[in-house]
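In what comes next, chain A is part of two complexes: it sits with chain B in the first one and with chain C in the second one.
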Partner chain A sequence: MLYSIFHLGNNLIGVPIYTILEIVRSSKFHPVRGASEVIDGLINLRGKVVTVINTGIAFETHKVLISDESRIYIFKNNAELKELTDIDSDEDMSPDNIGLHVEKIEGVINVDKEELQPVPTNMAHPFYQHVVRRGEDFIIILKPSKAIILNSTETVKP
Partner chain B sequence: MKQAQDIMFNIYNPVITYEHRAAYDMIVSQLQEIFPICNQGKCKALEVTDDPQKQKQINDLMEKVEFFSDSLINITKVFFDQLYRAKEGSSESISYSMAKIKIDMMERSLLERTCDVRWWALEKAFWQCIEVSNAAHDNKEGKSKTAGKTTQHSTHQQAIDLACTRLEDIRSSYTLYRDLVIVNAQGTVVASSNVDRKHLTLGLDVSDEAWFQRGLQTKDGTDYHVQDIAISKLEDQASLIYATAIRANGDENGEVIGVMGVLFDFQGECQIILDDYLPKGSEGDILDGWFSFFTNRQGKAICSSDQYFIPFGASPELPRSHRHLSKPGESQVSTGIFFGTRSLLVSYHSAGFNEYEGLGWTSHLVLPITAIFERVSDSKVFGITPKELMSSSLIPEQNRQTYQEIQRNKGDIQLISINGIVLATDLGKAGKSFMPIFDQITETGSSTTGKMELLLSEMSADMLQQNLQALTNLSQQAIELIDRNLFERAADVRWWSTDHVLWECLQSKDKKHLDTINKRLQIINASYTMYRDLVVADASGRIVANSKVENRDKLDGMSVADQYWFRQGMQMSKLVQFAAQDVCDSELENENTSLIYCSAVLENGQRSGKPVGVLGIMFDWENQAKPILADCLPRINNEVAHGGAAFYVNRERMVIATTDDTHFPINRVVPIPPENVNLKDGQTASGIFSANGRKYIIGSSGSSGYREYKGLGWTAHVVRAID
Partner chain C sequence: MANDDEVFKNFLIEIAERLAEFEQGLSDLEQAYNVNHINLLFRAIHTIKGGAGFFGLNKITELTHLLEDLLMKIREGDVAFDVAMMPALYAASDCLNDMQQDPGYGEQMDIAGVCRALHLDNITSVTNVAAKPKPALTKLAEQERRPTAAVQVVNKLSAPELLPPKPTEASASAALPTVSDKASSSEAVRAVKPQVNNVQGETIRVKLDLLDRLMELTGEIVVARNQLLRQFAESNNKMALTSMAHMISDLQQVVLQTRMQAVGGTFTKFNKIVRDLSKQLDKPIRILIKGDETELDRSIIESLSDPLTHLIRNCADHGVESQEDRLAAGKDSVASIWLEAKNEGGQVVITVEDDGRGIDAVKVKNKALATNLISQTQAEAMSENEAANLIFHPGLSTAEQVTSLSGRGVGMDVVKSTIEKLGGAIDLETRLGSGTKIIIYLPTTLTIMSSLIVRVGEDRFAIPHTELLEVIMVRPEDEFQIETIRGQEVYRLRGLLIPVLDMHLIAGHEGAHEFHISNDKNERLFLVLKSGNTQFGLRIDSIDHTEEIVIKPLPQILKKLFYYAGSSILGDSDVAMVLSANGICQSQNLHKQELNKRFGKHKSMTDLQLMDLQEKQDLLVFKYSMDEQFAVPLSLVYKVEIIERSNIEIISKKQFINLEGRNILLIYLDQYLQLKPLPEDMKRLYIFTTKIKKFEVGIVASSIEESIHTRLNLDTPPINESIILGVTKIHDKLTFLLDLFSLAEKVSPDVFKTKAFNEASVKKRLLVVDDTPFFRDLEKKYFESIGCEVSLAFNGQEALDVLTAKPRSFDLVVTDIVMPVMDGYGLLKSIQSNPQLSHLPVIALTSFAQEESQEKAKSAGFYGYALKTNKETILQAISNFIEND
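Let's turn to the complex of A and B:
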């Protein structure tokens, strides 16, 4: 399966490609009055209103700021995910499209099922699904359906 | 962003290095390969899906990739163009300053010569010698019948001997003269300083030489004539002669009775100046293709760094625009063939220095074009990342924009590629055939932009090295100018201390004679602009005379017995000795900093003997040092570079003169790297340091002194802020 990689502080995080609708450059957000700090705001993606979550705040590192390198993962909503015929997914996405604002993205990696390892207990986190080893690096595989519910909750602590 | 039509870059230009040509070819060919891949993607979209929306999405992505590839090809050309232009611009600017530095240094020295000749011509021994000589001449003609021939001959010889002795004393104090001559009104040399050539020069008739004729016509003691390099009977090489009239009784407005001519060691001085700053090989020889030379008003070479290619009197093959510079400060930079090599030609027409207008000389610097573009071999690590360097003020704005554009395009290609993979995944099994296409796009995008980033980091490292070299050259200029200036002070104090008024009055102990010293010191100081006061202390260390009337009450009788300069002076026993007290706060004057030169006044004005007192001269340090430093500031288009400053530091690492009283004030220790301060005898260093909350690049040079002046262990520093 393919995963798109992004940076979160010193960690590399992988997101399953099939859950992504599109990746866009981050630009100005429309603020949402009264929303939690973890919400950067709303963006308009070709007529769709997308709520964007700041991964830096969500994972308690440092707030991701808009820069030349920052990007937004727009995740498919439930309906869009169900349209995929060849994918056997257990992800239960949001009814709306949700965005994840990240500092910097890397390339795409192909991971075989056998390579997916459980998250070590000392690293356990509600959003983490697996860990994959790539050379000297460990890549944490994110469970997007967990992460995107942040749009309606407070910051989740590990 | 620069438009494509403005681009001058041509990959076939011979100045393009092999490595750069290879990099350019690789980037462009890789980017060109993307177009067929995109076409393949568009065709595949029709094959794998019937959904028009999906087909359009894939088509849009491919077109975006084509757009960015096309844009990157253009940026590559712009980028290479900027890379070469930046190097060219930077080299032109450094070469211009180098050509200017050289002629400025010479003109500053020549200004001192005009002061020297005017002052020396008032010397009693010289006008007396001419009067005796003229009387002897009249006798010969049968005009005088009063004195006996033997007595006359003896008086005549004594006067000549004394004049020669005084000329020799001058020459041993001011070692940059080859000879000094006294000529009577008929044009006969009656005294000369050069012992080795005396048998050739004494008695010579120079009445037909222009310098003598123009010297006779000088209107008063403030006037002088300088004859451009020409052949004179006095020497067997071309001479630069300063001349002024010698007047009856040493009166500045008196009757003209003869001429004093001083022959400056032009060739020796020029050789030092012209060879300076030129790159040298391991054997110490100047590298091939590099030339530095001066031409006169007629465009003839008067001195060059390579006598074989550009001998004296030759007309170097320069373009007309370089030969015809005539306005002070006018300059010309161009490229052309010089002795078979494509070269950068830089010419700067002298503006003289202060009141000395100069002789209309032009300084030329020639270097091979390839030298501009060659990579800096010993690129040092200064603890600055390429990214920091790329965003520093050292890199021209347009280059920084190109860097950002490359970064943006790199990001865009990556984004398109991943979105393409997302799209292909959505197509299920059918979409798998798109994977190699997007992989290829990603690979090409990062490979080409990565290569360009490498070249940009190479360019920024080169720019850093070039700027550091420019600052080092400026610091070298700053230390050399002050060393040369202080050499002149050392020469002044040695010569003045031999003045007969000083030793006669100090030995007589008669109070009324002391006033004679005061007057003499006043006259000397009035002739020179660079001294604040001149003081004479007797052997007990009591000040007995000074030049500045306003200070007299305060200084009269003051004891300086325990002061460094006085103690040094009293230990001297030879005419050629002198000492300097480093910049300090002296009670002799109401100034922040004083720099005192001293020399012993020797008994009976002998060349060696017992001191009867000490002459101390207070150099107008800050007012003289500051303009020198200001001339050495880093400039871009004639404006001082952002955060540019220059300062001198003494052995104790304290700032002793500065152009920036706010950030690098006097009497403070500046946190510059130790390797930039611990410099000995002409050593240089460069680097990066932080101070005042800013990051600076710095070029530093240690004093190597000049001729007899050995320096005081100072260092000169020129800095420029880079953030």
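Let's turn to the complex of A and C:
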């Protein structure tokens, strides 16, 4: 199974490639007033409006800023996921495409099922699904659908 | 085989549709016999029979065969139609419905009873038990009844035996067996409304996703077209582009209509629902449906079904009284429920109304109080409709017993939230004893709308034109400004007080960005938006332009931000949030009556200034030594003169000037107030004279500014000086209103001082009534200074309450005229008509200096009349009373 790895602070995090529609450069976001800070804003992706979540804020570390290296993962929506016939996915993404704003993309790795280890309890986080060891690196495998659902906005009461 | 399944599935859809037609047909038949109805019923049943036979559904075949038989006989004239047949027909229809929904398609059901009823011999005997008294059919016939979108009435002359295509052909292109109407027969004209997507009666079944995709693509094309138009705006050679642009607009219109469906489709089932309810509850109820050809986006229609069902059930269950109660109340024994849909200014308005018992506001209020939903004061302030609207709160169900139909306490609030999620609004009107009306406002379409693009701070927002009423620019010199009451900004728009909101307030956010760009010109721009019956203002910084935009619904992750209708991509590729007036209203809890009620009773100075509007005075404005500005009521000014300082004479430390033979005492304000004295080198001085107790005195001024006609909005002066009545703003400058009487008293106490009424053996007890706290205090002080005992009241009603409680405790009532709740005239009338109080003399105090007001007061029966700002007249009026007593 292929995963795309990105940096978040000192961590390396991976997402399954089959959930990704495309990766784009991050540019100006259109802020959504009233939405929680975790939402960077909206972007226009060739006519589609995609909501972008800031990974740093989602993980409560720091805010990911737009830079030359930063990118946005555009995740597939449920309809697009269904079209994949060869993968049995349990991801329940969202009816809409959601984006994840990350600092820097490292690359792609291939991980066998056996290499996927459960997340150690001292590191447990609702978004984490597994961890993988690659040499000295410790990569956290993310469950994208979880990250999206858990960041659904509550109305901020003025 | 997959093919057979497909075919069977289509057949099931077919049955459902034919049954719906059949039911509708039965309803029509019930109101007025018409052979066309019979034909329609026949055809519907015939279709079902054919298909059922093909698929071996024997029971259905059996029942439909009997129906067909009966209908055929009626049609051929062998049997006369009798309204007594209706119950049997309805029973058959219901049975077919049940069979269709049964997993075994009725094969295991016992339909013997229903079948028997359809046999001719049995028809007459079945009836009376089942039949409910029907209202005069003529009355119903007057109501416009329109068939649903799918139903068309056949012209008598066309071939009645139009067999539907065999189910095997039914795959993608089954044509509905409707026959186009030739428009010649009069019945057809009455019954048929041309359907937009059924022009010649041919219809086709299309998969929903295809239509949705079509919608999406069209949306994109519209956006791309807008972009192209912008790009080539300057070009001379854009004929091709322009013609394409027009065609795209047309395309857009047509595609939009594919999504539009007549609400009638959803409405027909209520006929049956009400019939069932009527039986179940043993209350005769009829439902009258109007406007079922009104069109709505199909997604909205689907979501409407449940809420409407709940509302109608509620009407039947709680709203409608029992037959006995109705008759006792003089109502028709048959209750009516009206279900109506109509287009109104870019919205579809659906009303559910009943002529039942109405909602008992008192009961609702008590329940709300008991559950701590509202406070006592709130309860008292509510109107009947406002209290009734409380039923939309979760957990508030006053049904003593939760019935299986409704009354679970979870109903109405779910209805409300469903409607609001669709971007709509819901309102309720009720009258105890007469009935209840529920009004639902829905946007006609969610997708492409002409909108105004505005800027707030760095952001741009889009507002659909259908929600926008007007744009208002308030300049500093305008008469009406945006005012603040209790922290809320409001604006007086042609008599209606509307709240003025701000994106910052609506989308409040910790760490919020500064929304508004500061406006040097001090002009304030805002939009007036409407949601249902409520209007409100929304502050913006500037208007960009108008654009047709595709409103993309909010992504799941942002669904909770109600105040947005969605997002859109503008012609320049930017993303803008689309605002929803209904959503904003909902998030800010604006109810239509709340504002005017809330502020109607408020007692703060600011509000009273707003209410004191009618009292306008003429004031003379003058300056003393350049800086300080003063004003006096013009009515007190006798003359304005210019004098030469050299002409001033000094007699026993007082300064006098002789004008035309009159000796005028001069008063310099700096001797009584902390003011800078007039410059020594000023040779010429202005004075205005006034007559106090027949003595003419002249107030010295450095300049006379002007005389203005204005409202007397006085604030308590910052200085504790009796000669200043109050402080106000004239042309943005702080102006002190001078009390000439106190001034005169200070100047020559022996001459001007009013004698305290010490001689009176008993202190006179006064009731002073005035809504302005400032004047109340002033009058109290004044009357106490002349030896009276003073009690206060805020308005006529309060005064009346005090007086009726202790009729013998007062000697005189001194009242303002212009007051809320009950004005001076009202108070006078109440006092005079009350035998316990009619002995009390009432003196009117007002700001009006006009003769006619005096006359009016006298003729109304006031004992005396005085000007608030003129102590002398007050004194005059009182002394008359005191002496005469």
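Here, the second predicted complex is superposed on the first by the 150 of 158 C-alpha atoms of A that agree within 3 Å, B and C clash if a C-alpha of one lies under 4 Å from a C-alpha of the other, contacts with A are read in each partner's own complex, and residues count from 1 in each chain.
Methods note: a contact is a pair of C-beta atoms (placed from the backbone, for glycine too) under 8 Å apart; a residue touches a chain by one contact, two chains touch by 3 or more.
Being a predicted model, the structure only gives us computed values, none of them experimental.
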{"item": "Partner chain in contact with A:Leu116 - chain B first, chain C second, else both or neither", "value": "neither"}
{"item": "Partner chain in contact with A:Val108 - chain B first, chain C second, else both or neither", "value": "first"}
{"item": "Partner chain(s) touched by A:Asp68 [first = chain B, second = chain C, both, neither]", "value": "first"}
{"item": "First (chain B), second (chain C), both or neither touched by A:Ile98", "value": "second"}
{"item": "Partner chain in contact with A:Leu84 - chain B first, chain C second, else both or neither", "value": "first"}
{"item": "Chain B versus chain C as contact partner of A:Ile20, first or second or both or neither", "value": "first"}
{"item": "Which of chain B and chain C A:Leu2 touches, first, second, both or neither", "value": "first"}
{"item": "More chain A residues in contact [chain B versus chain C]", "value": "C"}
{"item": "Chain B contact footprint on chain A (complex, rising order)", "value": "2, 4, 17-18, 20-25, 68-69, 71, 84-87, 105, 107-108"}
{"item": "In the complex with chain C, residue positions of chain A that touch it", "value": "30-35, 37, 39, 41-44, 47, 49, 51, 53, 94-96, 98, 148, 151-158"}
{"item": "Residues of chain B touching chain A in the complex", "value": "404, 407-408, 411, 414-415, 418-419, 421-422, 425-426, 428-429, 442"}
{"item": "Interfacial residue positions of chain C with respect to chain A in the complex", "value": "220, 223-224, 459, 503-513, 515, 552, 555-564, 567-569, 573-577, 587"}
